[in-house]
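You will see two complexes here that share chain A, one where it goes with chain B and one where it goes with chain C.
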Partner chain A sequence: MTALLFLLIAPLFTGSLKWLKARLQNRLGPDPLYDYRNLYKLWHKAWIRPSPSSPIFVWAPVMALLGAFLAALFLPLLPGFSFAGDFLVLAYLLNLGRFFQVLAALDTGSAFGGQGSYRESLVAVLAEPGTLLALGAAALASSQLSLAGLAPLSAENLLVYTLALVALALALVAEGARMPVDDPTTHLELTMIHEAQLLDHSGPLLALYELAAGLKMLVYLGLIALLMPLGAWSFPLVLLLGWLALGYLETYGVKLRYLRLPDLMSYSTLSGVLAVLGVVLRFRI
Partner chain B sequence: MTLIYIAFGLLGGQSLLALLAPAAYRYLPLGLGGSGLLLALAGLPAWLGQSSALPLDATAGFYLALLGALYLGVGFYLRDYLAHHPGPRARLETLLLPLFAGSMAGVVLAPLGYSFLFLWEGMALLGYLLIALEGPAALAGSRAFFLASRVSGAGLFLALLLLIQGGPREGLVHLVWAGLVLGFGTKAALFPLHAWLPKAHPVAMSPLSALLSGGMVKLGLYGLYRALDWAGPAPAWVGWLLLGLGLAGAVYALVLGLAENDYKGVLAYSSVENLNLLLAALGGYFLLQHPFFLLAFFFHQAAHALFKGLLFLGSGALKERGLSALGGLFPKLPQTAAYSLLAAAVGAGLPPLAGFLGEWYLYQGFLSVPKGGVVSLLALGVGVLALVGALAAALYVRLLGLAFLGLPRSSQALEVHEVGLYGQVGLGLLALGLVGLSLFPGALLAPLNPPLYPVALLALGLLGLGGGLVYLLQRKPWRSYTPWDCGYNQPGQPGSALSPRMQPNALGYSEQLLRLFPFVEVKIEASREGLLHPPTLRWQGGDWWGTLEALFARGYLFLARQAQRLQSGSLHLYLLLQFLALLFVLGVSWQ
Partner chain C sequence: MDALIEALSQGRLVALDYQAPTLRYFVERAEKGLEVLELEATTTFPSLARDFPALDWFERALWEAHGLHPEGHPALKPLRDHQKPYPFDPIEGLHEVPVGPVHAGIIEPGHFRFSVLGEQILHMEVRLGYQHRGLEAQMQGQGLAQALLLAERAGGESVAHALALAQAVEAAWGVAVPPRAQVLRRVVLELERIFGHLGHLAGLFTDIGYAYAATQVGKVRALLQGQLERLTGHRYGRNAIGPGGVYFDPDRGTQDELQDALHDLGREVGAHLQAALKHPMVLDRMRYVGPVSEAQARLLGLVGPAARASGIARDLRQEDPLYQPFSPVVRSGGDVLARAQVYSEEVRQSFAYLERFLAELPSGPVWAKEAAPPPAAEGYSRVEAGRGEVFYWVRLEGARVARARLVDPSFKNWRALEIAVRGMGLPDFPLINKSFDLSYAGCDL
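This part shows the complex of A and B:
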């Protein structure tokens, strides 16, 4: 259920984010519903296939979308699947999408695709430990291993959850290819990470990739919402906060140099490690 | 047991045939493949029924089935592969391979005793001979293999002789386990005793690499698990050692694998990574006796045997193996590429395939630690596993992407051809096993009563929705065009301004990743070949282990020179030494 909801609101989220940024930058900006029309337009266009490419080129956007979509299936924001260890399946389904996306970037034989491919691999290596340590710590603090059973934030687990939230927020920025890590609006191929991989995908393929990127961000926001104590209101609130934070960050922040990324992401890993230590060694504030 | 006797009969018959007939390799699908089928048929019921009747108990059954599945695929593949070898060499290999296969199966069935040691050493020796058959190019690799099997033998002789002499006495338990860890750990590439594997496995011929990486190294793991029956529960330090070294080794091997240029070298490092993860799982089991560790241990071994076997067999189609010289093989080798993609997706741990399930169990094992106390620190293993997962994905993307996708980086890259019908059958059998294992893991793990995630549902969802979407995309209008080259291509000129050399090469792809890890050095040397040429950058991957080895070698040579002084040729010194030795012996016997 969550997956379908996410599929419906993902274009709204990314579209309104563009609108918010434009407003913050004193521009008129596109209509918040623009991304729906954009996806519709892209889906009805013809697409171009680079001559050296293999079938992976077509499968990659499909797998990227399905990876994020199926991952959202395991988020218990609305009733859905739940079992012990589901957050691991969720994290690795996102990996599945990225595996194909990174592979397809090498498929075109172009220099930019290759650059995007290894940069994304680096970001994944930096972000992955923090994400899983944070989720693992939250699961350990709740004494069970499914997302549906995560205990909400309380005085009991304040320290662990705060650290986990820091790790997840940094992972959201990294995996969603947002500002300090990657600039979604860059026009310069040399600085791209996410966009460099999509450079040769056009029309409906691009539509699938864009939808997948939006879904992926929502999945991370959903994970953050699961740790919040407001019950049914957690997700809308987290969505709103995330939306404002991303808009603010991309207006007033700058993109970090690619080589400085390890410095930023080490905070994610560090928070993850501290969260796990906090829960197993029973640290309290 | 009858099936096993027939299987051994088939292997022996195949070796005999090689002595008598020159073209005996033609019968390898029957001799090796057939015996593999029989071994698998004999082993599986013993594993599924959790039989405890020696010699074919559940553990032996599992390993027999694993080896059998591998022999089945490799047996078919060998028929095509050996046809390209010169006659006498193919004959020698046909003689030795069934003996090697038989000794591996024998190790699994042998009871604790001299027969085990005999078969173990026979396996090591035959493996060495088979690698050495590659000629001078394989000299360093076969030597490393031989030395490692000596180290392994030293540990095993120590431990097994103590065990055979009436079981471990109090106080000797630690010595026995030290011997076992050294002996079996070296075979299972326990970090830092793994250095032989990436030297030996890539130089062997591809089907042999598949047997070594898929089968033989697993017997080291088998030995450590079996040692629980022989020597009783392991002391805690064994568990910690295996866990610590295993997790460190997995990361270390992946990083070195990312620096490796040789296609098969990357596969060998990936083997080291998987073996070290398995050792970590076993260490976790020794410490906590939690079933999750055992599930990960058994299931991941089966998955690794099949996917690594498939990848190594696939590499047999490549003539040029340097990743920096490869590229664009997908259209030339569609089947091999598809099989390799499947195997690599398993190796990268992607759900819903088999490689993920083992990691899933391992994660849950780490997360089920008791809170409080030193043992709870195991929960940090989650972070290491996540790092390993991300690095493994990068390793396999790099391997597949550089070899099969994009544009060919050299003219030699395209001198490849698909293997013949028998080879395809061999590859297909292993791939079939892998798909079966991925979709129905419960069938293999049934005796351990495992928790599962909805594997079949996920696979159905992915293939159903994915296939549907791809079908829709294919029906839309599309055309082929050159990749985006920033518009440098002039309208009148054909082709693209991109040249294959603009693609990342083997070290270029992983340079930034390597810089994250302090134990690998990346050097950049800019060299100018004339004013009109752009500078070319060279990379060099080095590592501290090599430096340590060199330091060790220097120290050893220094000691050797000191010892040489004794051999000065002076008769007086020799007489003095003899006299001292006599005094020493008398003194010892006096006591």
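This part shows the complex of A and C:
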């Protein structure tokens, strides 16, 4: 259920983010619904495949979207699947999509595809510990190993959850390829991380990739919402806050130098480690 | 020959020209100004590129255009001709990344070949010439109106090129331009400099993802071009300057409106630039990135803001009586930040000069008195454009161009990029490139 809802609202989220950024920059900006039309347009376009590539090139966008969609199935915002350890499955379903995306970019044989692949892999490696440690700490603090059983934020687990939220928020910008990690609007191939892998995909293949990227961001926002104490209001509120924060960051922020990325992501890992320690050592404020 | 070597070691090469059988080196020295040194050559000439890298591209261009062989040139390869084979020098064991000539953005074509170790650039070679239109050859035999039309399309700076050509013609004919036209020419030249510099700065902010500053600076740039259009009828100031005068003459009302508009725009963009260039993340992205030392800048013969950001206090406006007193904007360090600061400070400086020019605009005619041109004459001139020194030399037969030689500042500055990127990260290349913001067309001619 959550997955279907996410699939429907992902273009609204990314499209309205473009509109928000334009407004913050004193521009008129595109229609907030623009991304729906863009997907429709891309879907009806022809696509081409680089001559040296294998079928992986075509299947990768499907796998990326499927990975993000299946991951969203495990988010218990609306009734869905749930079992002990499902957060691990969720994290690695997202990585499965990325695995194919990296392969497909290498498959094109272009210099930029390879460059995007190794950069994306590095970002993934840097973002993974933070995400898993944060979710693990939240699960430990709730004495439940499924996402559905996570206790909401309360005075009891305030410190652990705050640290977990920091780790997840940093992982969100890295995984979503947003500022200050990656600039989704740039045309400069040499600076690209995520986009460099999509350069050779066109038409419906690109549409699948774009949808998957939006979906992935929503999954991370969903994870953050699970830790929030407002019940059914958590997700809409987190969505709104995330939307505003990303719009602000991508207007007034500056992209980090690529070689500084490990510094930023180390805060995510550190927060994750501290969160786990907090549970194990029973920190209380 | 010895005199030439002495001049080159003390000064800077401005242009190199060949008219069989004479090579002419235009060299600028601090105390002697611009000198022309001659050397006889029929099929070969001694290459000085090994000792004076500033000569490298000039000698290659000469070899390509006239078949004159520079003996002992360290890397003789074609510059603009894509029919000849071009050997890159790859470094054994390093990964090579080819970029261009077609880029993802709407920018000019050029090829960059990187030798990288991981993300670090150890070597880079620029290959241009994709926009070679044979402008100098096209100017031959043309009337002045047609030559001006070509000059305005040579590189990124229409006004500076038109002004340099007009001044070269005036120098050849000995025409005295009336004071009002002189000042009006400076007004459009400074407007062009400001919107050019703001373009470089907006580009720098775009490249580091600072969308807000990029949009605000870009907005002022567009509004300034609107003011240029109000003044001259063209957003890039084309068809504004001709030999002997200017094609526009603002009335009192236009002059006042322009003054008010420029005052407001100058304050607005000044505030944005001051804030943006203090942003800690902006400093982090620009500082120590893409450095060119003063020694390197002198060796390569850099001009314009690129040279001034490396500590070379040279600006052709120093000798222009209309700008007195003038002190060039100089920064040391030669990194992206230094270049950004030079652009930003020169924008402020140009707004101040614009205010002065418009307040003290002399009245009178905007055209020199018509006189019959002499049957044959030659002259040259130099103009400080936004990117640096534009050089024009013309030989005229009546009112026709018999021969023209032009050098765009970008031609002298492209090599600096190869030096600046060494040891830098690959993702920083677009930023370093943008900090020079060189014209591909101006280099290719």
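The rule we apply is simple: the second predicted complex is superposed on the first by the 285 of 285 C-alpha atoms of A that agree within 3 Å, B and C clash if a C-alpha of one lies under 4 Å from a C-alpha of the other, contacts with A are read in each partner's own complex, and residues count from 1 in each chain.
The working rule: a residue touches a chain if its C-beta (ideal position, glycine included) is under 8 Å from a C-beta of that chain, and two chains touch if they have at least 3 such contacts.
Being a predicted model, the structure only gives us computed values, none of them experimental.
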item: Touching partner for A:E189 - first (chain B), second (chain C), both, neither; value: both
item: Which superposed partner A:P129 touches (first chain B, second chain C, both, neither); value: first
item: Which superposed partner A:L5 touches (first chain B, second chain C, both, neither); value: neither
item: Contacts of A:A245 with chain B and chain C, given as first, second, both or neither; value: neither
item: Touching partner for A:S117 - first (chain B), second (chain C), both, neither; value: first
item: Which of chain B and chain C A:G203 touches, first, second, both or neither; value: first
item: First, second, both or neither for A:P180, with chain B first and chain C second; value: second
item: Chain A residues touched - chain C or chain B, whichever exceeds; value: B
item: Partner chain in contact with A:K255 - chain B first, chain C second, else both or neither; value: second
item: Which of chain B and chain C A:F81 touches, first, second, both or neither; value: first
item: Set of chain A residues, in rising order, touched by both chain B and chain C; value: 111, 115, 189, 199, 258-259
item: Partner chain A, residues of chain B touching it in the complex; value: 327-328, 330-331, 337, 341, 345, 348-351, 356, 359-360, 363-364, 366-369, 371-372, 376-377, 379-380, 382-387, 389-391, 393-394, 396-398, 400-402, 404-407, 451, 453-454, 458, 461-462, 465-466, 469-470, 472-474, 476-486, 498, 500, 502-504, 508-510, 512-513, 516
item: Partner chain B, residues of chain A touching it in the complex; value: 46-54, 56, 58-59, 62-63, 65-66, 69-70, 81, 83-86, 88-89, 91-93, 95-96, 98-99, 102-103, 105-115, 117-119, 121-122, 124-133, 136-137, 139-140, 145, 189, 199-200, 203-205, 208, 258-259, 262, 269, 272-273, 276-277, 279-282
item: List of chain C residues in touch with chain A within their complex; value: 97-99, 103-105, 119, 206-212, 215-216, 219, 279, 281-282, 284-285, 425-431
item: Complex contact set, residues of chain A against chain C; value: 21, 24-27, 111, 115, 179-180, 183, 185-191, 199, 250-260
